[in-house]
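Note that chain A is present in both complexes that follow, paired respectively with chain B and with chain C.
Presenting the complex of A and B:
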């Protein structure tokens, strides 16, 4: 299972953090710091896998964002690259040519999409269309209620 | 109070901050506003405020005061509130806070909500961060949802069940009925999560494992359909249909087939099919192949399939994609133990990976290379590994050096090759070599007797070039101290002997003492080396001077050594040659005494503990026979004892064991006769006998004259070796009252059978005339039965040009010496 999924910028600013294990706040902060240091230190044409403590770390850079996840030993690293890619595709479909700014200003949406794709560190749904439909439907539910209440959403 | 600013507004504002301080100020202001808003219990804007709080939390600011607000949002009826509330709960709450338990009721209600997306939120939250208590309370609801026909909920319930099982394994039984027809689903999401659930159950319980083995045919069928089916736009990734599901099924098959012949056989065909038909041009295909290889290696597959798997890994090694090469090396490392020969075929490719630019790949390649070294390929592999050692990153050097030493020790084709390899490692990566390699190397060098001259010469030359690498310097100093005589005498056969004088050698060693690059341990080594050369070189005065200078060194360790060596020169000069003799061959066993002590002291002068295998005495047999003949009688114990010690000595060095096993050494022994370990003053060896072994001053036992004839007088003085009152330590003092020296003086002794005797080296073999000096020699007698001590002695010397020989019996031992 995946232990965590982090998104951070080239300057090391955190854009998304998803934890699939209960860890104290202090520990989470340390992991984030370690991951950003390790990943940002990597040279351009090196492989996307690293070892950290007893976890396999898989990372991939998409434009100005690094996607970084921590896996257990029996997990398939090559497939993890596909998982990261699938998440980017989902974001891309939702936002239309997604860029870092989209994720900054709509971070809660990024989380909602992620929650339709992964749960408890495992994949929930392998169909892109299915996930897109669910997120859309949930958004509709939200908008409908807001319209009804004639109050703006947050 | 004005409406709180909107989330996007806040984000925009915070991003305009130019400094950290400015940002902090903005955030503090907003936090204050949010806090007051929370206090007002404002339902309308709670959602907005919590969203803003979550953003600030991501920037690293504390947000704990929003935890309760999340709970209120979850309890709200609005979907927007719930969405943000659950998100906040997942980010801000975890099972460490008591607050989270308050969620349980809300989640329970939401699990039964009419809107599936609300149920989905609840399942998601429970499945991501539910604590054990929550899982216990809500497992029933989850189980209910697992049986629903709504595939959206079913897949989420399956993963939620996985989480519940991880938290509370006892609840696993509960979900068993619901798994019955999970695999007959058409929906890929449900299929995928079901496979995950089954995997989790099988991993945790052997009973479940055997129960689910019957699913193998069904899994094989599903996998087959995935491969054979045409293009399915919904699940396609680069031409492969649902790779995520394929990989998950392969993983479950691995668990089910492990150790089970029938299951393994049932999946052989499909594995072969996947292995041969999967498209390898993209990463996704390789991900499936990787999982297939792992499965093939783990189950009881037929050998053809295993070879196929290793060949796939071999092909991976040649792939341009670094990730794939890395994955191949990792997998080969796992399989090298079981399928060694198959992996050997790819050795050259693996060795090439040592030259890769990628650090992770280099490390894996290095580990794998060490695993592949054997007697046949040692020379070639070592060349590559040494080249790698030269050019690799410093983080690797220590591991690489240790690996090389291990491999060299196991498979060295010749001693010269072994020593050359060690030299190469020490000179190229000397500072990275681990501390424990120094004593191991010294032991190796000592045991390669014929290579001593060559080794010391090469080490000396290396020292001339560079004294910064401490392990190299330590080994070199030790060798020079030990074999310095071979160095100056230019005896090297293996290569061109170099001309070096004693002074040059001492210059180098003294240079080490004063150099800033030398660590205290290294200085200790060089001081001891200098001291040892006092018996091998003729420039003793220079050595004496150096030693006395360091008697006042600030470094306590050096000071102690220097003072002790000084004492050797002054009071115990007669013992010095014996003390500083060549080291005997050391045993290579891991539990050997010397290596333990070596690690604590950092020194290898611990021959006193080398009791495991005493070298047999090289004493010429004729000498002993003569004595036997002369002394005649059957009650005299044979002088030569070659009994091997029956029990190993402990690291503490039971001196008494040594006593029991050592035999007589006759007269002054030429080097390299086995050194007699007993003659070391105890203060050099911590933790051993605290009592001096020898004491010229009789401790309460009166001295006696054993022999007095023709001007030669031999006096015995006594001391008890305190650890064992059965041992009498006798020092003989031979004096000569005639006007001519007695040269070639040899003292021999024999005792009755019930005793055991040990004769140590004499101080010299010239008894000076007119009582100008004496020859002293130490005898140790073990008298376990406390019988009356008797001794027969034989004296030989040359006096005024003619040889003299005499025998005598000594019976007048004072009772205290043997009672």
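Presenting the complex of A and C:
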């Protein structure tokens, strides 16, 4: 089971945090700090896995963003790497050539897409088509662009 | 700002995010955020009712601010309101806010639960999924209580949409992990297992995580999943890469599901049914064969997915540990990966091989890769890979290759990364000891270790070399000679001085015949290091000096001169000064015979578990070897060393008849005696080594009645104030627990706060709180006198197997307590698995010069980790019946010790930590309780029934738990309470 998933920039700015276990705020901050310092300190072309406390850490860099997750001991590291990849693919499919800014400005969407894919730290659905379909479907339920533009800015 | 292309962007939100991004400084950001917070607050408080869109936008802004790392203390109510909106997007934002920010505000939880309940019964699949996600994200006990009954129904209902089934399965898993007692699978079991056959791959993928978790906890009930899993796996493995459509990932059919199936099978032994087993072996062979086929794509995703399955299959093969053919193939495959150009694969191969090394079928095959692994240790650029290589070398070490491996590890240590040095040192020390045939090699290795990595050599390591040298008289002369030589180095590590001081003090006589190491040369050599050393080392050296006076009378005047010098006898450090004064006195007044008796050679140490091994076990953190790995290491030691070691033993025994327990297996690996690994407190090193020896040092100084001097001599430690001290308080060994400590422990079974102990000097108060498997205890040490306590130290130890059951961490206390003052100490406790004994708290301090030493039991009992479980009468008796095996029950009939007052009894039972269930027992006089003990390893459900008999003034107490030891222990604890 995955314990957490973090997305942070090369400058260590946290862009998305998903916790699959309830943890006190202080502990979360500690983990974020440890992860960013550990991962950012890694040299290029080192392996994507580390041990940290009793967790396995799997991370991968996509352009300016690091995707980093903490796994339990019996979880499969290679597969976790592909979970990260599939999530990137899903974001890419939704935003079209996704970049860090998309995730900053549409953070709630990034969470919704993740929710379609993972739940409670386990894989819920691996099919790109199914996930894309349900995200699209929920977008259909939302207002039109016109409605949006006519709304006040504050 | 990018154009919002999809869905409903919220313009105000986008503007706000832009503003934040444009802030030039942290201060500007905070200013902007405060402005926004004020704005939102006024909108929420304003008279005008907000429309759904605005509410959503502001809630979303709050969420963004929270995710930036700022605290949010309002908006929860508005978010809850959004949940009941009919607009999907508003509902969705409301749920997102709750998932990220919910706190256990009970008022709010009730409202949230209401909204969830509505959505669950809405039959709108999108809404149902949102609600299920929220439950899984929050996963609190309140939610489990509200929904644990409903979700299994949704999961197995015929008309539930596939996407909802997927969410329901994982939601249920989450609740099962938080509150297993509330998720009753009973009637659903077989339908859940049959989800493995579901048409929809997504449903199987989600359901299998749930099934795996349930199988781990209830293997028997879910046994039928084995054959279903095998046939599903076989269908996937043999399918063409296009058969599974979108569930094929980069030409690999359903990698996630395949891995999950292989993981599920690891919950069970190999299938008994021949046909099923045959099919499974076929699958495993196919997976191994596919690894040899050329890749269908050059993409790394393809090879990762394919290898993920391969590694999972290898894990299963190792788990079965019964198919030599497959094991050897697995080992060869991993061997190939060891030299793969992908760093990730080399890392994983090293890691998997560690477990393979412990199988008797593959141990030899793993050993053939030794050169590659050593090479990895030397040349890998990535420290985490080198770490795995070091772990593997440790795991594959046996008598045949120990010298090579230890030598390689030692040479690696010279350049090793700081982060892993300490662990490497421990491993070298353990291997050197475990596989030492010739103890001069052992001594060389450890001294080398101190030379190369002295800073990382913990006390345990050098204590251990001394224990071994003392226990083996064939190596003592060699050890003395070697340390003597090592000390010649102009700059040698302080740890070397410690070992040198101790060994020359004991065995310097064995090399004194050589004029190059005459007594005076030895002394001068040691003393040349003295001024560079820390206080504890100096204290140890002073003890070595007094031993020299005994061993070599010719050094007496020189040493007395040294002791008499102002820098010793007036040293500002009390410990050093005291030693100098006492030793000087001892050397001048005691006769040679008395001196010889007092300073007799150390007797052999009792066999015990290696303190180093205990340390490695305790050491957690980056890259630490898990306890499991060590256990495996143990097995491996037996498998490989067993036969030959027997022979060695007898040889050594013969040559070493003078040593009482001449086992070569000094680590005590095979018969781990449950001895307290007395965690030596800081302070006086010499004494700690003594106490490790279990030597009673009563005779050391105290028995020496000063013949002529005034009775105030420092020698007589115990005089003066010692009257008030308990008799055991004079020794520096941790005192045995006070006779009343059990009684004191019992006082705290049903309460968490109070006074633990009190005598004329000291009062110890206690406050504690427990949550799940964690506890925190505050100890308050009050000085009741008007004189300060000095060198106040407390040590908490977990005797015997308690060490592996409880994890107790203490913060050190201030060593000085002023008269009338109180200091506080925090102790953190983690319950790893159920336990019987209580940890020991040893307290030592000096009051007016007299050493006080007392040991108490810390009132940590298994019931502290109870979580109450409410249940109805029907459920209670159903559970009661389920726990009907004779060993699950413990019962006691006993006489009442206190008045049989119902209210008092209730209060006590509540204090116990279980839920007191009303209207459950048909007899209103009786009490029944239910609770779950939370340990890290498992949860143990327990039920209690107490039947008072007022006439006879007797009670009958019955406990039933899923674990027999727990029932017994609870019964014992409770029988003392009523």
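In the analysis below, the second predicted complex is superposed on the first by the 143 of 154 C-alpha atoms of A that agree within 3 Å, B and C clash if a C-alpha of one lies under 4 Å from a C-alpha of the other, contacts with A are read in each partner's own complex, and residues count from 1 in each chain.
Simple rule for what comes next: a residue touches a chain if its C-beta (ideal position, glycine included) is under 8 Å from a C-beta of that chain, and two chains touch if they have at least 3 such contacts.
Everything numeric in this text was worked out from a predicted model, so none of it was measured.
> Going by the contact rule set out at the top, does A:52 touch chain B (first), chain C (second), both, or neither?
So A:52 only meets chain C here.
> Now for A:23: first (chain B), second (chain C), both, or neither, which partner does it touch?
A:23 sits against chain B, while chain C stays out of touch.
> Quick one: is A:130 in contact with chain B, with chain C, with both, or with neither? Answer first, second, both or neither.
So A:130 meets both chain B and chain C here.
> Is A:94 touching the first partner chain B, the second partner chain C, both, or neither of them?
A:94 sits against chain C, while chain B stays out of touch.
> Of the partners chain B and chain C, which touch A:9 in the superposed model: first, second, both, neither?
A:9: touches no partner chain.
> Which parts of chain A are touched by chain B and by chain C alike?
Of chain A, residues 14, 16-17, 22, 29, 45-51, 74, 76-79, 81-82, 86, 104-105, 107-108, 111-112, 115, 119-120, 122-130, 134, 137-138, 141-142, 149, 151-154 contact chain B in one complex and chain C in the other.
> Hey, which residues of chain A end up touching chain B in the complex?
It is residues 13-17, 19-20, 22-24, 29, 45-51, 74, 76-79, 81-83, 86, 104-105, 107-108, 111-112, 115, 119-120, 122-130, 134, 137-138, 141-142, 145-146, 149, 151-154 of chain A that touch chain B.
> Show which residues of chain B lie in contact with chain A when the two form their complex.
6-8, 11-12, 15, 44, 47-48, 51-52, 54-55, 58-60, 78-80, 83-84, 87, 91, 94-96, 115, 117, 120, 123-124, 127-129, 131, 152, 155-156, 159-160, 162-163, 166, 188-189, 192-193, 196, 234-235, 237, 242-245, 247-248, 251, 283-284, 286-287, 290-291, 322-327, 357-361
> Give the list of chain A residues in touch with chain C in this complex.
Chain A residues touching chain C: 1, 14, 16-17, 22, 29, 43, 45-54, 73-74, 76-79, 81-82, 85-86, 94-96, 101-102, 104-109, 111-112, 115, 119-120, 122-130, 134, 137-139, 141-143, 147-149, 151-154.
> Quick one: which bits of chain C touch chain A in the complex? Just the residue numbers, please.
Per the stated touch rule, the residues are 1-2, 4-12, 14-15, 17, 21, 39, 53, 60, 63-64, 67, 69, 87-89, 92-93, 96, 100, 126, 132-133, 136, 138-140, 163, 166-167, 170-171, 173-174, 177, 201-202, 205-206, 209, 245-247, 249, 254-257, 259-260, 263, 266, 301, 304-305, 307-308, 311-312, 343-344, 346-348, 381-382, 384-385, 387, 620-624, 626.
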